[in-house]
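To keep things simple, chains are lettered A, B, C and D as they appear, and every chain counts its residues starting from 1.
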Amino acid sequence: MTLAPDQLLLWAFLTPIIVAVLVAVAGPWRNLRDAISVLGSLATFGFVAMLASEWEDKLVSRTIADFLPGLTLRFSLEPLGLLFAVIASTLWVLSTIYAIGYMRANEEHDQTRFFALFALAIAATLGIAFSGNLLTLFVFYETLTLVTFPLVTHAGTPEAMRAGRTYLGILLSTSILFFFLAMVWTYFEAGTLDFIKGGILNEETGPSVTLVLFLLYMFGIAKTALMPFHRWLPAAMVAPTPVSALLHAVAVVKAGVFAVVKVIVYVLGVERLAGVPGTAIVPVVAGFTIIAASLVALKQANLKRLLAYSTISQLSYVVLSATLLTPISIMGAVLHIAMHAVAKITLFFAAGAVYTAAHKSEIGELDGIGRRMPWTMGAFAVAALSMIGLPPTAGFVSKWVILKGAFDATAWCAVAVLVLSTVLNAAYFLPIVHRAFFRPLSAEAQAHPHGEAPFPSVLALTLTALLTLGLFFFPGEAMKIAEAVATGR
Amino acid sequence: MTLFDPAWIDVAILAFMAIVAFVVALLRSVFASVMLMGIFSLLSATLFVILDAVDVAFTEASVGAGISVVVFLGAMSLIPSPKAHGRTRPLLGALVCIACGALLILGTLDMPTYGDPQAPIHLHVADRYLSESLEATDVPNVVTSVLASYRGYDTLGETTVIFTAAIAVLILIGGSWRDGVKAPARADKETGDA
Amino acid sequence: MEFPGLYNYWIAMVLMMMGLYIVITDPNMVKKIVGLSIFQVSVFVFYISMAKVRGGTAPILDDRFTVYSNPLPHVLILTAIVVGIATTALALALLVRIQAAFGTVDEEAIKALERET
Amino acid sequence: MISTHLPILQVLVPLLAAPVLALLRGRTLSYLVATGFVVVAFLIAIGLTIQVVHTGAVSYAIGNWAPPLGIEYRIDELTVIMLLMVTGIASAVLIGGGQSIAVEIPERRAPLFFALFCLNVAGLIGMTVTGDVFNLFVFLEISSLSTYALVAMGRDRRALTAAYQYLVIGTVGATFYVIGVGLLYMMTGTLNMADLTARVSGVESTLTIKTALAFLFIGLGVKLGMMPVHFWLPNAYAQAPSTVSAFLAGTATKVAVYVMLRIVFGIFGIGIFTSSYLADVVIALGIFAMVAASVSAIFQSDAKRLLAYSSLAQIGYILFALGLATEAGLTAAILHLFNHGLMKATLFLALTAVALRLGRTRLEDFDGLAQAMPATMLAFAVAALSLVGVPLTIGFVSKWYLLAAAFDRDGVLVAAVILGSSLLALLYLWPLVERAYFRKRPAGAPEIEEAPLALILAMWALVAVNVFLGVNSQFTVNLAANAARHLIGAVP
């Protein structure tokens, strides 16, 4: 069976939706339901993989609906979107496997609703990845917020509701107030919203308008968790761990930085932005976010909250790098989207595995746990190295390119920020690893023996850890894509 | 202009009407206001005769001064005469009225003067009614022919308005309406609706 | 400007505003309807004044006359009079029900009662 | 050919239903008859739409008296949008509301209630299709009088005072309209809209014409719920029987806006509108309403009242867009006119279901409702999101055009205000959704079941239209844009 690329595009997007419907129908039979989730995620991965193998620099596009006259909902594939789709669909397979183990072991309620919404969130993420114009991106960006809201509030407790309100409040209000405004403004200035290399604004748009648009986009796309609009991300940590792992380490937050890179490269245009005075505000804010979030992470006692602040800081790497506006720095931003994704999901998987097996969520309780859960904590250690940016992990590759970009742009402050944050990252990740492997088990822990988490969970986190290592040794494909985005081939 | 210009008559009637309206505004007795309203209608009917609108005068006298007053009195037999009360928001009312009145009078300044036969109002459609209607409908009274034929549809609408009002009155106070009144009052207390 | 100029219109407008003033300020809900009637009748006066042609007669065609007043406003006002009485009747029916439900037709008293419940 | 007489049939079908209904006895029979007549009216509206789309505007001289001597019906794109909306929402409300009406209206009064409902529909249709400014007044009164009585049928005694309040202010508004028509007639000598358009241009600089415009504007402003002459609206919507609220919220104010469009742009033309200060006043009033009414809505404790204030805010959007007096602005106004009617009708139908099952619609009554009434609350949630302007719904389409229009003329600041106001919409609607979905039914609350099937079908039919036109908005946008072009070109 051979499908034309545009059909593949459509099928990759439709499969998760079909999965969601089937999961909802098959709810009462949980083995069938979970089998559907796994098979569906594999099928989606298959479609994306076929797209990746068949894709050859040609623009593939498919119109879904004539949304407004002159503006369509359209999918089209370019390297950055392909990269994002590959990451999302790969990690969906792994996190589905992980989630089945996690949800069953913790006897979570409303599992059917959970898996159905999970699949819908992936559909929205792929919609973002494939979007052929800004309007389509916006539509799926909003859909993703709405679909993930019930996942964040899954627990249904007052605390979860409060967190949910913060989540929805910040994401929706920034997107409506800034992102939407910027989009309509862009349409008004440019007459189109298509993604075109080098941007779509024409000569008549002055530098001040461009700057305002740039700022509206950067802060309107609050999924990047740029300060001061970062509070939704720690709030979202009340969700079950698989949600945090896939959505708040990969899909949702990466949708944010993905959109930022898209806007910079395909809407505003790197070269045009480079000529606009004042754009340096954003890297400054991003740099501040990197340092501030790292400092906050240092003080966290709860493992998931620590990971959330680490995510905030890592996302700002992408924003910082992208807004330095040189080809190398754009490349670094793109690479970091991928590299951070695999490592961060591993960390969340590990945190969830610890919670499932040992019922521990505080860092202080992890003494000696590495001896009981060697696979889990081993994977954690690999991912932590990647966060710091040490070889032989994926994080080293992207951080290296980002640093090179900063040198290229002669942004010495950025270099300083990067160095300082590496130190800070080490300061909050290494003690955890040290604690897990080199401290004796506490007396209380010795009284409650436990082993590894359920097999599906361990399998998933081991695979992602291997990916983290693998991307260090074989970064070629990712590099090629990043280069294509940055240089405009 | 002479002292015996017939225009003086309508000036006088209008002045009378103003006095009546003023008294109604001041009066606290509802009954007396209704009676004066009838007189106001009668005065306007007289004015309409002078202004050549005999059909309107006849209708206004019978409907405005007659039926209307009867309807008021009928309703008031069911509504006890309430105690006198001061005015509410007199300042706001006065401001609104002065503003609207000033706007209206401003609006008249560019109007053709009263009775001007060259005003556009008399030259366009009206002229054609006067010249064509006899031939088309065979009725010498142009008001009747326009009412019944050219704008007969308005008359259908007018009948519908009366019909609507009749049904509305019937649904509100028709038949054993008092049952319907007590029921909601009780329901009100039961649900404790605030 | 020849007498009476715009005098007819002006008085009609003053009458309208007096009616409107009663509607806005009188707390008695029956009296408000009286005000409404005065307002409407004044509008009728305004329309019929517009129809008048100097030296004209009632628009009943006859060989003896050549100048007639404008028949169209008469037609309109005939309709408007009927609409007016329909509105009045409906308003009074409502007031009968309000009297039965609240025991008063005083606006302020009813407002107080509504706040209570 | 019957198709040539569709314009008159459109009005006569619901009009003739009334005397038939007044003679009937029994709830079921009168319900079926009324629904039948209204659905036929909807089919006629579809027929007229097809006719207009294929052959352009239709003119129908009543009794064969050629305009301007006789009364003319004129049906173009804008008209059919309104006709579809009025008859469509009337059909949905009647089909879905049968059980609710059975609970809220005593058996004895049911036939008269349905008669008034049909008269109301007929009045609104008459206002929509007529091409004569005085004939419009007559139909305005038909719809108004029936509305007053329908509002008074609410179960609470406050419904009576709400109806009275509406009657007084409504009659003042209608009388202002008549004054405006009088002044207009004085200067032009005609009542036919097309004829007026041609003749107004000769006298457009006179104060009289400007005063006429002001009075027509205020008179219609009362009817369409323009702040600050809006105060009848929250009471009327909150106290009327649920089905009546649903119908009114979806149609009555919208038809008044339509008439305003017709008169301000069709007759007076853009020149007078913008050269007088009226355009700026309208924009200011619109912005005021979208902020003030939204803020008021946040503090309401009853869902019906909350939605009523939300309607005032949405009217503010429409007025604002109308005040821009550009082609983009009018497109946005017409589009939002239609879209808002659809969304509000859905929301009020959902409230009808809630009122039917719980007897009240206070905010705390929504706790845990999504478990008991999943289909109802999902429809409510979708319509609520649509009102906020979430993509893939018509609300988003409206917002898009509103913003585009704002950019076109007034720039970023106003656009930001519009967006801020949609955030307020999120703020006042979200608590309802959250209560329904994420709270438990209070302990000891009575067991309730889902709304009756007919009501759910009616709601979901509107939701389906909402989402369909939200994803593929070509049809409505093109109709609205064409209509706007006609209005701007001063072709009525």
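Throughout what follows, a contact is a pair of C-beta atoms (placed from the backbone, for glycine too) under 8 Å apart; a residue touches a chain by one contact, two chains touch by 3 or more.
For clarity, every value in this text was computed on a predicted model and none was experimentally measured.
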Which of B-C and A-D has more C-beta pairs touching across its chains: B-C
Central chain (by mean CA position): D
Centroid comparison with chain C (C-alpha atoms), farthest chain: A
Distance from chain C to chain A - Cα centre to Cα centre, in angstrom: 70
Intercentroid distance (Cα basis), chain C paired with chain B, Å: 3
Gap in Å, rounded to a whole number, between the CA centres of chain D and chain A: 44
Where chain C and chain D are represented by their mean Cα positions, the distance between them in whole Å: 28
Interface hub residues of chain A, defined as touching at least two other chains: none
Residues of chain C engaged with two or more neighbouring chains: 16, 20, 33, 50, 72-73, 76, 79, 83, 86-87, 90, 94-95, 97, 101, 117
For chain D, residues that touch 2 or more chains besides their own: 134, 138, 141, 145, 148-149, 152, 157, 179, 185-186, 191
All pairs of touching chains, each written as two labels joined by a dash: A-D, B-C, B-D, C-D
Residue ranges of chain B in contact with chain C within the complex: 1, 5, 7, 10-11, 14-15, 17-18, 21-22, 24-25, 30, 33-34, 37, 40-41, 44, 47-48, 51-56, 59-60, 63-64, 67-68, 71-72, 74-76, 78-80, 82-83, 85-90, 92-94, 96-98, 100-101, 104-105, 108-109, 111, 113-117, 121-122, 125-126, 129-130, 133-134, 140-143, 146-147, 151, 154-155, 157-158, 161-162, 164-165, 168-169, 172-173, 177-178, 181, 184-185, 188, 193-194
Chain A-touching residues of chain D, taken from the complex the two chains share: 385, 388-392, 397, 399-400, 403-404, 407-408, 412, 415-416, 419-420, 422-423, 426, 430, 434, 437-438, 471-474, 477-478, 481
Residues on chain A engaged by chain D in the complex (per definition of touch): 65-69, 73, 138-139, 142-143, 146, 150, 153, 156, 161, 164-165, 168, 172-173, 176-177, 180-181, 184-185, 187-188, 212
Of all residues in chain C, those that touch chain B in their complex: 1-22, 24-28, 30-31, 33-35, 37-38, 41-42, 44-45, 48-62, 67-79, 81-90, 92-97, 99-101, 104-108, 117
Footprint of chain B on chain D - complex, ascending: 15, 18-19, 22, 62-63, 65, 68-71, 106, 108-109, 112-113, 115-116, 119, 122-123, 126, 134-135, 138-139, 141-142, 145-146, 148-149, 152-153, 155-157, 159, 179, 183, 185-191, 195, 199, 203, 206-212, 214-215, 359-360
